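Okay, so subunit A shows up in both of these, paired with subunit B first and subunit C after.
What follows is the complex of A and B.
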């Protein structure tokens, strides 16, 4: 069962379950953990869409590498370096 | 290959490729490269959001509570459903079921249009409530001083991010319309459906962008 309507339906059900979960968790005050949980669920949903709907699980290695490169650039170059600057200013000021 | 007249006249792929599989893989890789640039495009907005939310956490929480959580959540479900039907489109194309493909493409387009309609209702309501950044922006805040300006920044990001996402969705709907037209003419067969597959990648990507916008814009307010 690499792909097909049955698998897609299961992934779709999982996505809706995760949407419900993120909605319910957001209604409970968990402090900073609210954001962590919301983003963790978003990453999980993305993983399901990419692996099963976009067939990255069965795609060739070039596509997987391109996908990975996008996230390396986003997370490490764009986010990490920019946030390192903004978050680091507080330490310098202190 | 040049002297082979039969192969020249019946080939179903462009001459720069060795075989149909290589052409298909090139098309897929091309879409993935484009999606990487799209990750960075939306990534810049996400970075701006992260920086300002870090700087003004209280104002962002309060501003986020003014978004329409019910409509936003329904819209997330609508878009996830459209991704499901898009995956079924690709499967219908792969198995060579032309009528099912056209119907599923139309259904996916309808779900995308439904998302835009709900988004339009939200925007209209927010503009009516003076939440559109600009001279008419009004934000009664429990926090004195700069909180209004900081909340305005949240809504700048909100309108730009949801606006650019909606633009991507409009492009996706037009794309699927073109595919539906050609699918109805019978251009796609079980051995050639690359355009459907590649458009599917784009559609799922637009869905993924929303998967991140939903918690960042609607859920940061915490319990309402």
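What follows is the complex of A and C.
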């Protein structure tokens, strides 16, 4: 398996490629799918950074648990409940 | 003379040996001095606006000054006293001792945390000296981000910097508790104080970044005129409230969980009984830590949040009361048929149970949508959260300080005087805040400079109570400081308490234990005959 500087360079190249993809897709009109595509690419980038640069790929249980709890809190709880308010304004207007 | 023996207090007397120390016990004392000073800063602000509120149309301070005083009180007490107090003082001192370790996992980061805390406090207090802030401790937008002509940016940056102190402290505790427990100290043998600090550390790590980000955005909107919260630029003011309370509701549990951890140590020791339902208290701790993240919208019932979200947050807020109630019942059950001894720490613990219960139950009133419409932003809310934060957290903090003081200082304070102070604080507290339930129910809004004359009698009670409370807080400051130098030697385990921290000498040696401890007993083994 590749490791060391070579691996980091490859991940970095992949990130730059995804950055380019973000840029290109933003220029194409896909309607609502622009957001979906942008978010999907953002997730990919995050995954790469977390797995390789932050070494979560070879982390122990404690690191994984910390990461998972942060993920659940920020993405699920903060996003879902806040959006629950914004969408709820339409569902139960008045 | 105990000074014949080497311990952490006499291991160097220079300024440098304190300010560059990596010893968790010395860092705990640095925090103790800092948060005590900040507590009296926040308290003085409260004394001033309580005097202003003695009369309906008082002119002791200008209206602008009044706004800055209650803002200063809130910011200092919440971010620079209540949030850090128990974890950084008692947590720092006790976590390594309780798990039989030499120090925290990252001693240098621990010292860095204290410097970050001091830098944050200096920024926030510096802004106060320049002229202060008038937004309230909640920094609601767009007032804070557009309209207020006060030192908002410096203050939020102070809280931002202090936030990193919280995050690093939390990480330090998590790693320490995972990696450095003594042989035999299995997870379910950990003292409940350690469990409480462990759960709180997760909340530090998960919630604080959201507050830091929200305050940073307020600063950016003020300086760069970005449209994030300002509706005139396409922003949404409610978004700030979501971010702010995503931290600040869990912050209530950051203040209360460690306090509950202290109480779970005091009650078994002074009842001479094993804590009732140890596993349930552990589960309830995590139940509170998790559910505490799901209820923030109860601060936004009347601020334009959707009725749907209001419904969900109201329901979840009722749910979080369940694990808190489990703990209250378990402490009470521990007292049952115990051999109760009314030393100073125990008086604080009993006070905590009563006052926390009142605070918690009135929280259910406020979690009820229909009731909240009437009492929101009144003194009812003020009374409710002071019962939780002062009646709960501050009582537990003082109880903990009195309980572990013989370990920290090696000296004993006059217990009779301590009991008098505890009673004084209990009476002063209730006299201050109980009338606020009534005057709030009658409709007196919070944060107002003037009020209708018919509310005066309640405000007179409140101000009188605040004076008693102030005296009550000055007493321990006096006799604890006195005992530090002149008190009689306390011995290693004056309360006959279980727990590793009592098995080393007082004050502990620099490396905490002369020989590496091994744990072969269940927690709180007060009925097994080992502790008399």
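Definition applied: the second predicted complex is superposed on the first by the 91 of 94 C-alpha atoms of A that agree within 3 Å, B and C clash if a C-alpha of one lies under 4 Å from a C-alpha of the other, contacts with A are read in each partner's own complex, and residues count from 1 in each chain.
Simple rule for what comes next: contacts are C-beta pairs under 8 Å (C-beta built on N, C-alpha and C of every residue); 3 or more make two chains touch, one makes a residue touch a chain.
Since we're looking at a predicted model, the values are computed, not measured.
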Partners on subunit A (subunit B, subunit C) - clash or fit: clash
First (subunit B), second (subunit C), both or neither touched by A:70: both
Which superposed partner A:62 touches (first subunit B, second subunit C, both, neither): both
Partner chain(s) touched by A:84 [first = subunit B, second = subunit C, both, neither]: second
Contacts of A:35 with subunit B and subunit C, given as first, second, both or neither: first
First, second, both or neither for A:9, with subunit B first and subunit C second: first
Of subunit B and subunit C, the chain that contacts the larger number of subunit A residues: B
Touching partner for A:17 - first (subunit B), second (subunit C), both, neither: neither
Touched partner set for A:49, first subunit B, second subunit C, both or neither: first
Common ground on subunit A, meaning residues reached by subunit C in one complex and by subunit B in the other: 62, 66, 69-70, 73-74, 78, 82, 86-87
Contact set on subunit C toward subunit A in their complex: 174-175, 178, 202, 205-207, 210, 238-239, 242, 246, 293-294, 296-297, 300, 305-309, 312-313
Contact set on subunit A toward subunit B in their complex: 3-5, 8-9, 11-12, 15-16, 19, 22-23, 26-29, 34-35, 38-39, 41-42, 45-46, 49-50, 52-54, 59-60, 62-63, 66-67, 69-71, 73-74, 78-79, 82-83, 86-87
Subunit C-touching residues of subunit A, taken from the complex the two chains share: 62, 66, 69-70, 73-74, 77-78, 81-82, 84-89, 91-92, 94
Partner subunit A, residues of subunit B touching it in the complex: 25, 28-29, 32-33, 35-36, 39-40, 43-44, 46-47, 50-51, 54-55, 73, 76-77, 80-81, 83-84, 86-88, 91, 200-201, 204-205, 207-208, 211-212, 214-216, 219-220, 222-224
